[in-house]
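Next up: some structures, all given as structure tokens.
Each of the next two complexes has subunit A plus one more chain, namely subunit B in the first and subunit C in the second.
Up next, the complex of A and B:
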């Protein structure tokens, strides 16, 4: 055949030999490069879609356990009774329409040497693997808190049934009840999340069960947007929200689901409703693939998001150790786009460019009271560091109009990003 | 000698791929987290794609100096130099 003949002749030339050395297999093999993505949240779904948009020749398969994704951002508003859980749920039809092969199944093994992933009895090969597994709970890290305990004392830190359970418990509680929330030490998904949730639970209590109270037991003295939250709590919820810091004895050391009690070094706190936000780690598949280190999280190269532990596997989103970047949906989406661009370059043997990333996180303190933190990030010393002079939180002295505007922008951000990723 | 020339040719082959003009410049893809790239999301945040590059640069400069009031864009604009901002604005202007 002419094609095969001319191809052989081409291969004999020194230029082709040089190309063979510079380019890895896919470019020469003229086979569509295969990228597998595991995890269909903000990070994984964004990587899959972005790869298809950069180069439709790339064969992209997204592996996700659930046919419906339930988003965490704004799930605190569901818990506070301001929003329906349905507004948090998305399917993968638009990803399929974009040419992503969506497989609803659970990956059970990763072989980084043969570059294959096992799921449900079949084995899929990859040229590059991207993991976006989010978080898993470290069951047992807080004594007494296991999966059975979570059915009684919900964490609601992975949105879905747990969100509904916590909401239902708040609704069923008699007025005059005590709600107790336990907050872990860093790092965990969504640093301002516990405090937004505390705010919206307090808002619910104030408006619907005014004799009730929320006590937040914290394993930290400092937290994200702290002064903004605390100023707002003083103004809005002085009788409904009490925050107990680490140094004031707030660290929860064990829980007892039989009595719905949380223990600290200084005593026991009984709760009508207990929301235990437990210690966390990277999602299950990270450990299976060997990309999580002793911390339970995944160290990555800040330019490509390739694991520093296992070549050929990239990690984005909450599961990563991303330096100054917080574990947020915005970060996961921004990282996903950088990772997809890097993967597309690496598949053709080209050099990925130095990225610049952005994060913006809004929190609602009340339905018409939003606050934010923003940052710009660049690689520095194998980490992602905040660009000097950039970023920061909303001003402490902003007017009510600015707070209201940020609440509007918060919802607009959610609609925009979920449209970009799932719509 | 032979090996060296092979490497030299390899480098030449690589160059045009690495410097692809259509690639988004650093930071550019993050904008669409808030500034929607599709018209379907209901948002008061302006769409940046297809927008005149001069307008985008002027807005970023005014956000950075504090001349233009902002909620988050003042904090984000400070993370980019004039040159970086210009590259992003040019790329956004070329998008549909």
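Up next, the complex of A and C:
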């Protein structure tokens, strides 16, 4: 497919679409408008930077709890021992250089009536607020899995210490050990993520601990890029990876950290290393601001990414209910550009344009074996729907050269997006 | 034969209420769908599920096209005596599957 071979065009064209939506530049009111962005991941950092490049007169403040951001894409390669965690980490110096006021602190309250955000001892006013809080773990949704359990059975679904913990456990495990991964039902961050991780753990076991095995217990029968993954597993990891689907009794119903055991409706599975990917919800501040609904995620207007629950607050990235768009770094970045263009328009009372958004997700099945899925999305009936006939997945019958090329594109994609957002 | 999963406690005390879980692999084709060329896809579902406890039927369920693939049925019964549970699924196109599970009642 051609889409996988033109990743640069994706970034450039989605940037162009967002930029086109922002022109002509509206005349601003005398007072500089203030935009607050909470959350400095792919979505929030992109919104902040994009707003400054659309109009340097907009006063942009980015609030983020951590001085260093640890990226999730490619963190599965850290778990698989192919990459250092440092390659996942970025600071905010380039955002500061772009004129973004970066505040390392934690927002504790949002008042949508007075349009203020509280953090530490101070209160910051805003004209428009953008939340990019990513995900939080839904503690307690899986019986037995709380914060204490995560210290023993890591989720590693928010990159950082948890990534290192899971990696260290795999390294410390004896050859012959059983690794068990639990995958939740939809929706969750990074739909192909668990299967990329399973692949790279299996790769590590095959090359370093060949008597060991990974069992993936899944609450689903279908998943992203399924046939591509399953074909690759049959070819590369027939003895090291076993996937147990929902209909084969794979749904994990509880975990016991004391015995490192995962229970399903039909049995129990003890693990030397347990990686529990738990049910998730929008990041903490979404609930505080009142923009998350009963699902735990945030419904948004697909043109402006403004919350349908609280006016004046926009939400981008994994926290949103974005219809057909997956929860990915690329989606967050694309949504951020559309949201920034819309916010710039709304600040002057102009009407935002209907966007087109693009997403691509690469997954590594082995160091030299990449696969991808791509799609184009547009607003339809208050949701984001996939444009018919757009995108697609890597071919099922590709040669080793194509797979190796996609692994290179994956790496190049990561460099491109992290440079655009943080570099 | 279709794959069936059963979860019956291996042991129970006399008089205990026990939970039994079953899952049968089946497409449960509703009969309402059409192929891309417009032909109707014939119905192919499990129509009846029964469970017997030492030969006596203790649970039965009729299944219909609205039930999704791989029907998962959970129910409760009282552990009265040691013995065998027999599970049976029957359906369209002569579908038939049987599983058994033993229990020790103390």
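We take it that the second predicted complex is superposed on the first by the 394 of 423 C-alpha atoms of A that agree within 3 Å, B and C clash if a C-alpha of one lies under 4 Å from a C-alpha of the other, contacts with A are read in each partner's own complex, and residues count from 1 in each chain.
Here is the rule we go by: a residue touches a chain if its C-beta (ideal position, glycine included) is under 8 Å from a C-beta of that chain, and two chains touch if they have at least 3 such contacts.
The shown structure was predicted, so the numbers you read here are calculated from the model rather than taken from an experiment.
Look at A:267: by the touch rule set out above, it reaches subunit C but stays clear of subunit B. When the shared chain is aligned, no partner comes close enough to touch A:68: not subunit B, not subunit C. Between subunit B and subunit C, more residues of subunit A are touched by B. Of the two partner chains, subunit B is the only one that A:350 touches; subunit C does not reach it.
Of the two partner chains placed around the shared chain by superposition, subunit C is the only one that A:221 touches, whereas subunit B remains out of contact. Looking at the shared chain after the overlay, A:246 reaches subunit C, while subunit B stays out of its contact range. By the touch criterion stated above, A:259 is placed in contact with neither subunit B nor subunit C. Once the two complexes are overlaid on chain A, none of the subunit A residues touched by subunit B in the first is touched by subunit C in the second. Contact residues on subunit B toward subunit A in their complex (touch as defined above): 2, 5-11, 13-14, 17-18, 20, 23-24, 26-27, 29-38, 40-45, 71-72, 75-76, 78-80, 84. Residues of subunit A that touch subunit B in their complex: 14-15, 17-19, 21-22, 50, 330, 333-334, 337-338, 341, 345, 348-351, 353-358, 360, 372, 374-378, 387, 389-392, 394, 402, 405-406, 408-409, 412-413, 415-417, 419-420, 423. Contact residues of subunit A toward subunit C in the complex are 221, 246-249, 265-267. Subunit C makes touch with subunit A in their complex at residues 3, 5-7, 21, 23, 25, 69-70, 72.
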